[in-house]
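Down below are the structures I want you to see.
Below are two complexes that have chain A in common, paired first with chain B and then with chain C.
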Partner chain A sequence: MTVTVTLTKQPELYLEADQITPDVFAGKTLDEIGAIFISEGKVKYPLSEFATIEGAAGETAADTKIVLKGDWTKVKRIGQQMTAGEIVIESDADMYIGGWMKGGKLTVNGNVDSFCGIAMAGGELVVNGNAQNHVGSAYRGDWRGMTGGTLRVKGNVGNDIGTFMRGGTIIVEGDAFIHVLTHGEGGTIIVKGNIEGRVGGQAVKGDVYVNGKIDFMMPGFAYVDDVECEVDGETAVYAHYIGDLGERHSVVKGETVFSNLYLKK
Partner chain B sequence: MTEYIIKNGSVIDPTQGINAQKMDICIKDGKIVDSVSGNAKVIDAAGKTVMAGGVDIHSHVAGPKVDSGRLFRPEDKLFRSPMRKSNLRMEMGFSVPSVAKTGYDYARMGFSYVVEAAMPPLEASHVHEEIRDTPIIDESAMPVMANNWFLLEYFKNHEIENAGAYASWILNATRGFALKCVNPGGTEAWGWGLNCVTINDPVPYFDITPAEIVKGLIETNEYLQLPHSVHVHANNLGNPGNYTTTLDTLKLVEGYAPKSAFGRDQVMHHTHLQFHCYGGDSFKSSSFESKSKEVMDYVNKTKNLTIDTGNVTLDETTTMTADGPFEYHLTHLNHLKWTNVDVELETAAGVVPFVYDPKTYIAGAQWAIGLELALFAQDKERCFITTDHPNAGPFWRYPRVYKWLLSAKARNDVIENELKYGDKVVDTTYIGELSDKEISLYELAQMTRSGVAKALGVSHMYGSLKTGMAANVAIYDIDPENLPSDPEQYEKAFTNSFAFFKDGVLAVENNEVVNYRMPKKTVWVNSIVPENKQVERDIRDKFLKAYTVDLENYAVFDEHVHNPYAIKVDITQ
Partner chain C sequence: MQETIKHVACPYCGACCDDLEITVEDGKIIEVKNACIIGTEIYHHASREGRVGSPRRRQPDGTYKDITYEEAIDFTAKMLIKAKKPLIYGFGSTNCEGMAAAGRVAEDAGAVLDNCASICHGSSFLAIFDTGYPSCTLGEVKNRADVVIYWGSNPQHAHPRHLSRYGVFPRGYFTGKGYKGRKVIVVDPRYTDTARCADHFLQVQQGHDYELFDAFRMVMHGYADKIPAIVAGVPKEKILEVCDIIKGGRYVHIFFGMGLCHSDGRNHNVDIAINLVRDINEYTKCTIMAMRGHYNIAGPGIVWAWQFGFPYCIDLTKGSHAHMNPGETSSVDLANRGEVDAFINIGTDAGAHFPIRAFEKLGSGMPMVTIDPSVNMAATVSDVHIPVAIVGVETGGICYRMDNVPIQYRAVVEPYNGILTDEELFDRIYERMQELKKEGWTTDEGTWDYATPLADVRPVKEVYE
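So, the complex of A and B:
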């Protein structure tokens, strides 16, 4: 079952749309969905104030698909904490898209601002354009970052990618700026383009694959050997580094656990 | 002014020996009176418990380290900052709540007076600014004194009159309430990268021991005849095997008698004792054990001691203490973020987040030890319930601690269902031995009202429903004649009082905060001592040579102190 929400009026400030999730929409009539609140600053409005709503929601989140049409560039927090179902955003969107997502699929056919997929725990988030900073990062201050799910950005990303990551996968098909897997404690980050630097700083676990160049390597990473890896469906030879050697590292079954950095040869 | 009559409640007031007696409480002009006119507003408290407003002897609710905790833990507010209710200020945070939430939550629990546990003298103005912004509750703050260069030098030379003159000056300059002692000598040693883990470890440069510092503080406190005794957080906090240090510290009270006109019987209050009752030599269940019984045996037979518990509530929280070396030690145990600050000649502080995870053995054991202290205490007028907020848990969890003490069933339920290593906890602590022990509501009132007020020397102001007292009255949805079979009811009732009067004004009505704009007081001790030229010169000298601030800019300005209420203690008379 699909609900199509078309944004017909642009807000003066930015809108916070953490109620736009299949979990909230499921089991509701179109009128009830229209009455769901959306905040502009400290003022709450019904969603119908800014959008027209068509179609029908499913009984559960899992069989509810939400298609967002119109220009959602000034809307934050779409799909926040969603657990199932699907959202497709047919434009750019603002910050915190798919934050704390636990399941389901969220596709953005445009660019997103910062904090997309932060502290994500499950599901699939696909951004078909570029993303800004803090992609799949931890909430600021928190030491518990992304724990699961897959986050794919087809374009470029900014800085602080996968900070404090513990699990899941982030795939960046373009370039990244700085701070990738900083404080990493698990998970996998694949960057198919280039990174300026600061990859794996203070990481104690977790893997980074880089197909392009890293302009400035962290001094805490040391070359170990060359290995053949399959990365996002393609096999190639990578130079294998371990780090961050300046950090504590746990020992599991007699083997010291490191963060691994694989640089395509 | 409005008159009220609280009708038909079951009144519990240990200061008058009233135990669940059906009687009316009358309020007029902010005071408890014998009778009111027919125009008085009636509050029907039938089937409910009526107690004096609660008193908290030890809680970190205002000042620079609380703010550090707030600033460096934005995640503490994540998803915990609901839009504000129309009549209240916004409430935020979990373990380090915003000032508004702090005031409201204490009012919801029916507390009227809270003592901020550690005020760095140099930062006193910040403490008072936050006190001003915390609604409803009356507050005091205790300046931290056990690592102060002036006092270390006076104690070294056994100059108690000079120490007294200086301590008196600090109380007046900071609008402080009592002398706080945190890791005596150890925090100063931390400035040298060291610590003091027994009462005989020498402090670098000053060549004095923690034992000499604590005894010096007791003597200074009694010389000044202060309302409260010295308030001690002993050396070696949180380390396995530390109970011997604790016993050594407690034994320093032997031979001392209180000298105060404010009714207290103790010469030392030992705070958050839970952190100080550990046996063994590691945190593993094969070694770690509770020594609460050994410590409480001593406390029970030593009449000039009071304690508070420091109960672990099994939450994610934020530790913050002037025990700088301890926080450094802690960040190396849990690898979480850490802040640390040195406060010039006076003290230091550190902040580290901490998760008391019921899936770990050690959190379960700490949880058990805190409860054991309260259950072992024979004289409930000398043992008070705290969580050392926020170190062992947030203060708004007190009702959960009450539940665990009032109901053996609730306690055993945690051991069986919430703790992953409940069996090991039972094996290594005394909690199993106490499995059917419960406290009564009367004892709870002693541990949260009458006893606390007496130990603080403020029983003329708080903790009692006697005629003439300020009308701080809490009404809870608990019927002492028909106690709830479901222990959750205790937690619910004490978390959200049915009604709470602060100085005769309804702050909470029908379980909702309805007013937070009533005047609140900052209670401080105005200590007056004979003129002491030497100390005056020493102060000028140290400010010239060592402080980063000028002496004239050091003392808090009057406008910093919100609605001050001075308790005057003049030893020159």
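So, the complex of A and C:
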């Protein structure tokens, strides 16, 4: 079952739409969905004030699909904490898209601002454009970042990609700026473009695959050997580094566990 | 009759020198002893011609006309009620009493409350959230530290008496030889005036402190042999030499400044510095401290963390809870993105410190009030400028030094022309807001849940009186 929400009026400031998830929409009539609150600063509005709503929601989140049409550039928190179902955003979107997401699928056919997929725990998040900073990163002060799911950005990203990451996969098909897998405790990050630097700084565990160049390597990563790996469906030879040697590491069965950096040769 | 007031604390930088001697005659400041040149100027400024003695309202032709406090307070209260997301920013140069009063106003107005840390040591806070803050007081540095590191800070210019009172020259209880017993290490991309006082100067490549910290940490973790020949422009031999000095010290202290928290990576540079401190503690005692800028910029971090749970960038628009996430709720980002619709600049100068594009939006697109004793750049484009008493000169109060030690500030003269203090002003804005809300004032559209307080919550004043 599909609900199509078309944004017809632009906010003066920015809208916070953490209620736009299949979980909230499921089992509601169109009038009930129209009455859901979205806020602009300290003022709350019913969703119908800004958008027209068509179609019908499913009984459960899993069989509810939400299609967002119109210009959602100034709307934050779409799909926050969603657990099932699907959201398709047919424009750019603002911050926290798919933040704390636990399941389902969220597709953005445009660019997103910062904090997309922050502290993501499951599901699939696809951004068919660029993303800004803190992609799949931890919330401020939280040492438990992304724990699961797949986050794919077709374009470029900024800094703080997968900070405090513990699980899941982040795939960046373009370039990244700095701080990739900083404080990593697990998980996998694939960057197909170039990175300026600070890859794997303070990382305890976790893997990074880089197909392009790294301008400034962390001194704490040491070359081990060349290995053949399959990365996002393509097999190639990578130079294998371990690190960060300036960080604590656990010892399992007599062997120190490091974070791995694979740089395509 | 001349009177000399001793043990006065200085309202300039985060070092909060509390040994000033101020000579006063007929309500005028005659002489300032012991302060640095900048601190001295702040006292003389209070007695200088050209002070603003009453609130002023900007006229359509750009000139200013004096108005009463009642009119200025009424304008501010109405602006806060009507705005969907007002921003109250500043507080680097006021006392904690003023900050607490402003916190009450911000909560009632559903505003974003932010302080100068937002463009200063705010990123250090983020690092502290992530990894903790193994710090100490400046007294401990003076009395114990025999290895002192200034990393990305230049106190000779920003905190002029820091080296002589705490960091390098003083003779303390266990540091009786003064500077002769201390090793001083300075890390900076520039050969600063602080670097001139150093035994070892590491000229780090601008923006690559993170890598240099990583190399230091590799030494502490036993991987010295894996360090590349040059890291961030510093030769490996120099890194090893300095690490030997650190390991051999009885008490190591790192002072870090905006070279870390405002170059690329920001909080991560501070984060890895704190982690280096943890590593050094495996060998010897080591502590770290942020070189906070203004005399009470540590204050809002303390006061608001107590009021709201967060030190800065506090979004109170949600009513039910405070939300904090710099990058979203930080003043410059809010301004750049056009996410606020009213602005109060208090005890700082956003006009001088913000990126020009950000300030343009604040200064041209929305109502703006500046609360400051002087005519600063922000005041020149504000709709209303409200002068207040200068803390540490005309009014006292609590101020937190850079090491989070509260210092009692004192008034040495009466407020000029009977102007209000920040605390009195914010309390009166709060009271006016309550009157306006009773009269039915609210935002123009939509529902503002927070405008109606919960029935069982009594106003703060009622509880205390």
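As a working rule, the second predicted complex is superposed on the first by the 265 of 265 C-alpha atoms of A that agree within 3 Å, B and C clash if a C-alpha of one lies under 4 Å from a C-alpha of the other, contacts with A are read in each partner's own complex, and residues count from 1 in each chain.
Heads up, the rule we're going with is that a residue touches a chain if its C-beta (ideal position, glycine included) is under 8 Å from a C-beta of that chain, and two chains touch if they have at least 3 such contacts.
As the structure is a computational prediction, the values presented were derived from the model and not from experiment.
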Fit or clash - chain C, chain B, common chain A: clash
Partner chain(s) touched by A:Val227 [first = chain B, second = chain C, both, neither]: neither
A:Lys42 touches, of chain B and chain C: first, second, both or neither? both
Partner chain in contact with A:Tyr14 - chain B first, chain C second, else both or neither: second
A:His183 touches, of chain B and chain C: first, second, both or neither? second
Greater chain A contact set [chain C / chain B]: C
A:Ala236 touches, of chain B and chain C: first, second, both or neither? neither
First (chain B), second (chain C), both or neither touched by A:Gly141: both
Part of chain B, among the options 151-159, 259-267 or 331-339, whose backbone runs into chain C after overlay: 331-339
Residues of chain A contacting chain B in one complex and chain C in the other: 42, 44, 139-141, 143, 248
Sites on chain A touched by chain B in the complex: 42, 44, 139-143, 248
Interface residues, chain A side, partner chain C - complex: 12-14, 39-45, 49, 95, 114-115, 133-134, 139-141, 143, 159, 164, 178-179, 182-183, 197-198, 201-202, 216, 218-220, 222, 244-248
Contact set on chain C toward chain A in their complex: 83-85, 110, 126, 129-130, 208, 210-211, 213-218, 220-221, 223, 226-228, 231, 264-265, 268, 271-272, 275, 279, 317-319, 324-328, 337-341, 443, 445-450
Chain A-touching residues of chain B, taken from the complex the two chains share: 72-76, 78, 83, 335-337, 353
